[in-house]
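Got some structures for you, see below.
After this come two complexes, each holding chain A, first together with chain B and then together with chain C.
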Partner chain A sequence: MAATAALSTRLRNRRPALNAFRKAVTRKPGRLIGLGIILFFVLLAICGPWFYGSLAVDPNAIYAAPSADHWLGTDFAGSDVFQEVVVGARYVLSTAALAALFTSVLGITVGLLAGYHRGFLDSALMRVTDFVLTIPGLPLLIILSTVWSFGSPWQMGLVLGLTGWGGVARAVRSQALTLRERGFLEAARGLGLPSRHIIVKELLPNIAPYVAMHLLLSVIAFIGAEVGLFFLGLVPFSSTNWGVMLNQAVFSGGAMNSPDALVYLLSPLVCILLLTLGIVLFLDAIDELFNPRLRERA
Partner chain B sequence: MTGFARRLAGKLLAGLVMVWVVVTFTFFLVHALPGKPGDVQYESYIMQGFNPEEARAKVTAVYGFTSHDPLFSQYLGYLGRLLHGDLGQSVYYSGVPVSHLIWSALPWTVLPVLTGLLVSFLIGVIAGVIAAVKRSSRWGGLLSVSGSLVAGVPSFVLALLLLLVFHTEWHLLPDAGTSDITLEPGWSPEYVGSVVQHAVLPVISYALLSYGGWLLAMKSSVITVLGDDFILASELRGLAPVTRARYIGRNAILPLFTVLALSFGIMFAGSFFIEQTFDYPGLGELLLKSIGVRDYPVMAGAFLLITVAIIAANIVADLCYTLIDPRVRR
Partner chain C sequence: MSRQRTLVAGLAAAVALTALSACSSSAKKTNNGDGGGAKKDGGVYTSIDANYQITAGAPMNPFNSSPNMFLGYDQMRLGFDKYNPLDPNDLFPGLAASWTATDTGLTVQLQPNAKWSDGTPVTVADIKTSLAIAYTQGTAGPVAGAGGTIVQGTNFEVSDVKDLGGGKIEIDQLPGVKNLYFQRLVLSATIVNDKVYSPQLPADIWTQIAAVQGPDPAAAKAAADKLSAEGKTIAAFAPAKDVSAGPFVLTRVGPGEALLDRNQYFFAVDKVAPKQVILRHYTGNQQIWGFLTNGELDSSPYTSMPTNIADQVVKAGYTRTDAPSYVSASIAFNEKQAPYNNTAVRQALAYVIDRDAVTKVGEPVGGIAAPYTTGLIGSQTDAFLSSDQKSALNAYKPDPAKAASLLQGAGFTKDGAGQWHLPDGSPWTITLQTVNGFSDWIAASTIVANELTAFGIKTTPAITADFATYQKEMGAGKYAVGWWLTALGPQTDKAYNRIYGAADGFSVVNGKATHSDTSPANWFHTPATYTVNGQTIDPGQLTADLSVTPVADQKPIIAQLAAATNQELPMIQIWNYTKVGFFTEKHFTNFPKTGSDALLLNPPGVWMMQGYIQAK
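Moving on, here comes the complex of A and B:
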């Protein structure tokens, strides 16, 4: 008992960042709820398709009401809506995760290089960033959808990441610019440490919460964009996901005008709303970690 | 004001360079798209029995360039025609100038977007102040979460939910078009009333879309100002709360002009989601429709216009900022 207590204090001392994170998350119940929602959907995306390998289609039950057999009723073809929602989560979440990965790698690299090195490299990189920020991402995406098929999460994630890294790069750069003048970085430079060490070991950990914040915000936008492309029917459907469901419900299922289809239409909508709510609630905790000024005055 | 003029000139120049970059980008993007629309059309004219010269002349008329020239001279020709405001001709609506299509679609995007921006500005800024002042209370927290949530939810989700509530469930508002199709366009009260009625849902969608941005920006700005020394001083001097509120408001509203540019851009660029949901014939729907039928000149024109609008909004916001805040004017 004593040993575990000692171990846990040692771990706590060794991981101040983790500790602060835990404190920030547990301070308000809303943040825990947010984290819970995110974890729930991540679990759904990972495990869901294991349970429903192939969608059960029941042609005798078209637009059936929710029942014990079909928890959320069925759609226009007799597929179980609950199963569709569960199976569709994987594409939506994996695409958003991949897009976030590409965005953060590109954005952090460009932002750190520009902010730390300044000079010519900085202005060149910022020109490119300005350009990426100016080009309207969504119209570009729908134009590109005529050329590339975004069927796999990798392709969709890559394109979303390529169009969306500007904000992260600019945020990282501004942080790097302010941190650059701080004492500990001057000390590191004075010690003659190589800039790779300074950037990776000194700068990066200090901007991590900030990056996480921007990344979560862009994940929300990515989910909106990818589901939206399917909703508009611009991407050929290879499998089901929430956007495909919405497209079928609104444009071919006539769900807008038939009360039977209400649950079918609402299910993906509520999923998107819930996921956004989860991210927004959780964002509050990260916001506080990074920006202590937002903490309430005692 | 010479500083201002110089700043204006610099901004305009940078904006023009950006427009040129975007034009170039758009041109080469459209030409990188597979299928080479000009060639396809050329071949189809040949198949229809035109002789090569005629077919080529027709393709030139339709696309605004001859697709057998080297790419670079095509590009120069495109630039030259753009300078005269010529965006080429639509392929789908054979022979209709692209600029004509865009001009007729533009008001249906700009007016709802601007109305939505105005409504959301009024509500969002007030809500932002409340959220900042009451940030330690439950209601203040809820208000900020509402802002972040509405800002985060995809526009088509908002639009679909509005449609469900106000059209499907309550039968209050129409779901498509800009007016009742039985009415003759004009200044008759029925027609104007119908237009307003059809515009309500798109305007609410645009307003909701930008409401979160205003609220969050105003909230963080007010919190920053509340920490300033002059607020503490005014508190100590015992100034009336109304005066203090005026001090806070004046200083806190400055950063919102960046949000104005941002949300104008977001709404303009994302308008196709809302327009498609409400079947509203604006610029976004034009872009979507042109993509559906691979009408490349219209596609390039609409994309270009959206981008130029965003660049212009950025410049205007920046200049407003300079005009209002004396500290950045130098």
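Moving on, here comes the complex of A and C:
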């Protein structure tokens, strides 16, 4: 009984946030479209491979034109391009999500600790951050590709995330430096609240809008980075993903010289552009959700 | 920042297309600007050098690792190999007008008007210096492990070069050395100008060579080390200008192309129609596809391409040529790793893999599905085996029932889901290893993996970052199943040495082959002997015997090796490469066509000196 009451209280408390989210998203059709696109690709990544476990090949239908059987035509092995787009989405999105997660967790933690504590810890963490910023991600990936096959999104996501958090840490630190001088934080310190409480309960929620926006923007950046690496053939590949499709279309299928492989080239490109568009449109809603001034204006 | 990155990804294709079209228009202007290349007095011949990409600033030195020297144009030999599998000493004349093999070596008659581009004649000193340089570059001298008396057809051994007068030169083979390919190897050596290169050599170079050939192992080793060090100096040498005895001389090298002018002193200059040659730089096949589809090249070397591009190239006005390429793409096994040590397993896999389908995807233009696995390409198998011997070969046509029967006989089982299990009950999975950048192998792996998975053996292609790592890891026995180039001919001993040589633990000393399963280079791990048709054969010894057996007498040996390879399948030959080239008669005419294998296996400069490529 007590548990039911607690749950209903929690739901009541959560409802305003949900309402605000719903309002922010539905206020402009573009935001709704953006959310729809993101959800579509997320569902594609989660469920797609269940429908198309292994890609069928047909050596007698290489680079077949789009048809009722093959909506987006076929590739160099006669495999259905639509199926490849669906199957390839999981690797691309998982990698980007993992990289964004690693970046956010590391960048926020380091930025908050450095900005709040200042002093020696700040100096030490910022030197580490400077070092990370100097690591050239691309050459590192090329070197690592001799050891790892990057067949799992964890490996690629980890490397991209570990080399990409420096900028976030610096930005979060500067936000934290500004916030720590604000009255509510001075009051919290005056009340003798522990640093952990101040950082997690007071500072973190205030930089949440920035974090959320960065998370989405970094997803775009990481998709571009990983797809670019596969496209350029800088890392070996053992599974289908959008970057591999681009690479095969240009370097094996001659999409730049022959129209036959053009749909094969354009399919993953259009997916990337659509996903980017979806994220950019949805960011508008996130901005409003966390920015009180925009909420008031609306 | 993030948005910028995404934009870059989105616009990459458009930018690349624009760049390509920009390049193509300027290139077209260049060709047309010079009289359209159609004047009787010559024009500009545009092509690609298959051996090296253009490296601005690299030395005009053929011994450099990435030289600005182009075989057949400004890099000359006494003769040019016709790659005749039945006569390894069959060559086109180069700086040598004719030659005669003698018991002690070779007598060469230089072309009567052979001159360098500075107007000075080609002399015996040039030949002597060039052959001495060969010792510093490792293309001449004793072959390691061969005991110094038997040369396996890779290196020649010269003891002296004599001027007989009138442009006649005697080249003596080191007494006691038995080399069936001496004539071809000497005539194929790169000839450079003595005045340019001799200052780079020590005065006692021939004394050092004599020491290398001498009986004292310590002195030979010291001399070999010295020659090797001198070789590095030679390779790094950058001559101030190109002094060529070929039909062209290098005039200018830029990042995008090399320009060569006709050598007015060339001995057969009247046969050379183009006034200039432009050799384009390229970094990948797709650039050559672009040049061809835009009609920018007069001819192209072998370039791997898909069927849709080949069709586009033909549509652009090119004529296709085909010549045999003595290379085969195979799937090889490490027999140290179970279950690939079982012949029935390898045979079963051969019955599952549909080589026609794999070739259609992997190498649709430049490949012909291998009719048999014999260790040689199809045309060589035809040439060396009788029709009875060929009919006794197993073609391993796709036959899943036979594959299943072989596996069941070997103790394998199939579960209800159709997955094959090893005799110990564990599921059988295969990792098919290939190399990053080898687009044909990668594409073919997709089909092989699909076929094997459909048969019930879950197969995953895996890619190694680069070929050097691939070779290293393959040598270390890390891969159970992987792609490998075999049938590297046309020399048959070389082709079989690829299988029954160092990679299989065989080494040859004084003509005797020994096998070591623990040899560091051994990754095939086949047994030392096979039993074929009731007879025990030693493939390593037979391969060693091939290297010292004249081609005319090789058939019995090849019959044994081919039958053994076909039965035991240390590797499955998937396709034999074909050297596909293209030419257009837009500016020039009289190109060698399909059927002129010997010419097509040589660069266009060789065609020109033989009288081909005439102004339209």
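The rule we apply is simple: the second predicted complex is superposed on the first by the 251 of 298 C-alpha atoms of A that agree within 3 Å, B and C clash if a C-alpha of one lies under 4 Å from a C-alpha of the other, contacts with A are read in each partner's own complex, and residues count from 1 in each chain.
Here, a contact is a pair of C-beta atoms (placed from the backbone, for glycine too) under 8 Å apart; a residue touches a chain by one contact, two chains touch by 3 or more.
All values derive from a computational prediction rather than experimental measurement.
By the touch criterion defined above, A:97 reaches neither chain B nor chain C. When the shared chain is aligned, chain C comes close enough to touch A:76, but chain B does not.
When the shared chain is aligned, no partner comes close enough to touch A:32: not chain B, not chain C.
With both structures placed on the common chain, the touch criterion links A:218 to chain C but leaves chain B unconnected. In the superposition on chain A, A:204 makes contact with neither chain B nor chain C. In the superposed model, A:188 lies in contact with neither chain B nor chain C. When both complexes are overlaid on chain A, the residue A:273 reaches chain B and chain C alike. Of the two partner chains, neither chain B nor chain C is touched by A:179.
Applying the stated contact rule after C-alpha superposition, one finds that A:62 touches chain C and leaves chain B untouched. Residue overlap on chain A between the chain B contacts of one complex and the chain C contacts of the other covers 145-146, 217, 220-221, 223-225, 227-228, 231, 250, 256-257, 265, 269, 272-273, 276, 280. Against chain B, in their complex, chain A makes its touches with residues 28, 30, 130-131, 134-140, 142-143, 145-147, 217, 220-221, 223-225, 227-228, 231-232, 234, 246, 250, 256-257, 259, 262, 265-266, 269, 272-273, 276-277, 279-281, 283-284, 293-294, 296-297. Residues 1-3, 5-6, 8-10, 12-13, 16-17, 20, 284-286, 289-290, 293, 305-309, 311-312, 356-358, 360-361, 364, 436-437, 439, 442-443, 446-447, 450, 453, 460-466, 469 of chain C touch chain A in their complex. Interface of chain B with chain A (complex): residues 18, 21-22, 25, 29, 32-34, 135-136, 141, 145, 148-149, 152-157, 160-161, 163-164, 167-168, 175, 220, 223-224, 227, 265, 268-270, 272-273, 276-277, 284, 287-288, 291, 294, 299, 302-303, 306-307, 310-311, 314. On chain A, the positions that touch chain C within their shared complex are 54-57, 59-60, 62-63, 76-79, 145-146, 149, 151, 217-218, 220-221, 223-225, 227-228, 231, 233, 235-238, 248, 250-258, 260-261, 265, 269, 272-273, 276, 280.
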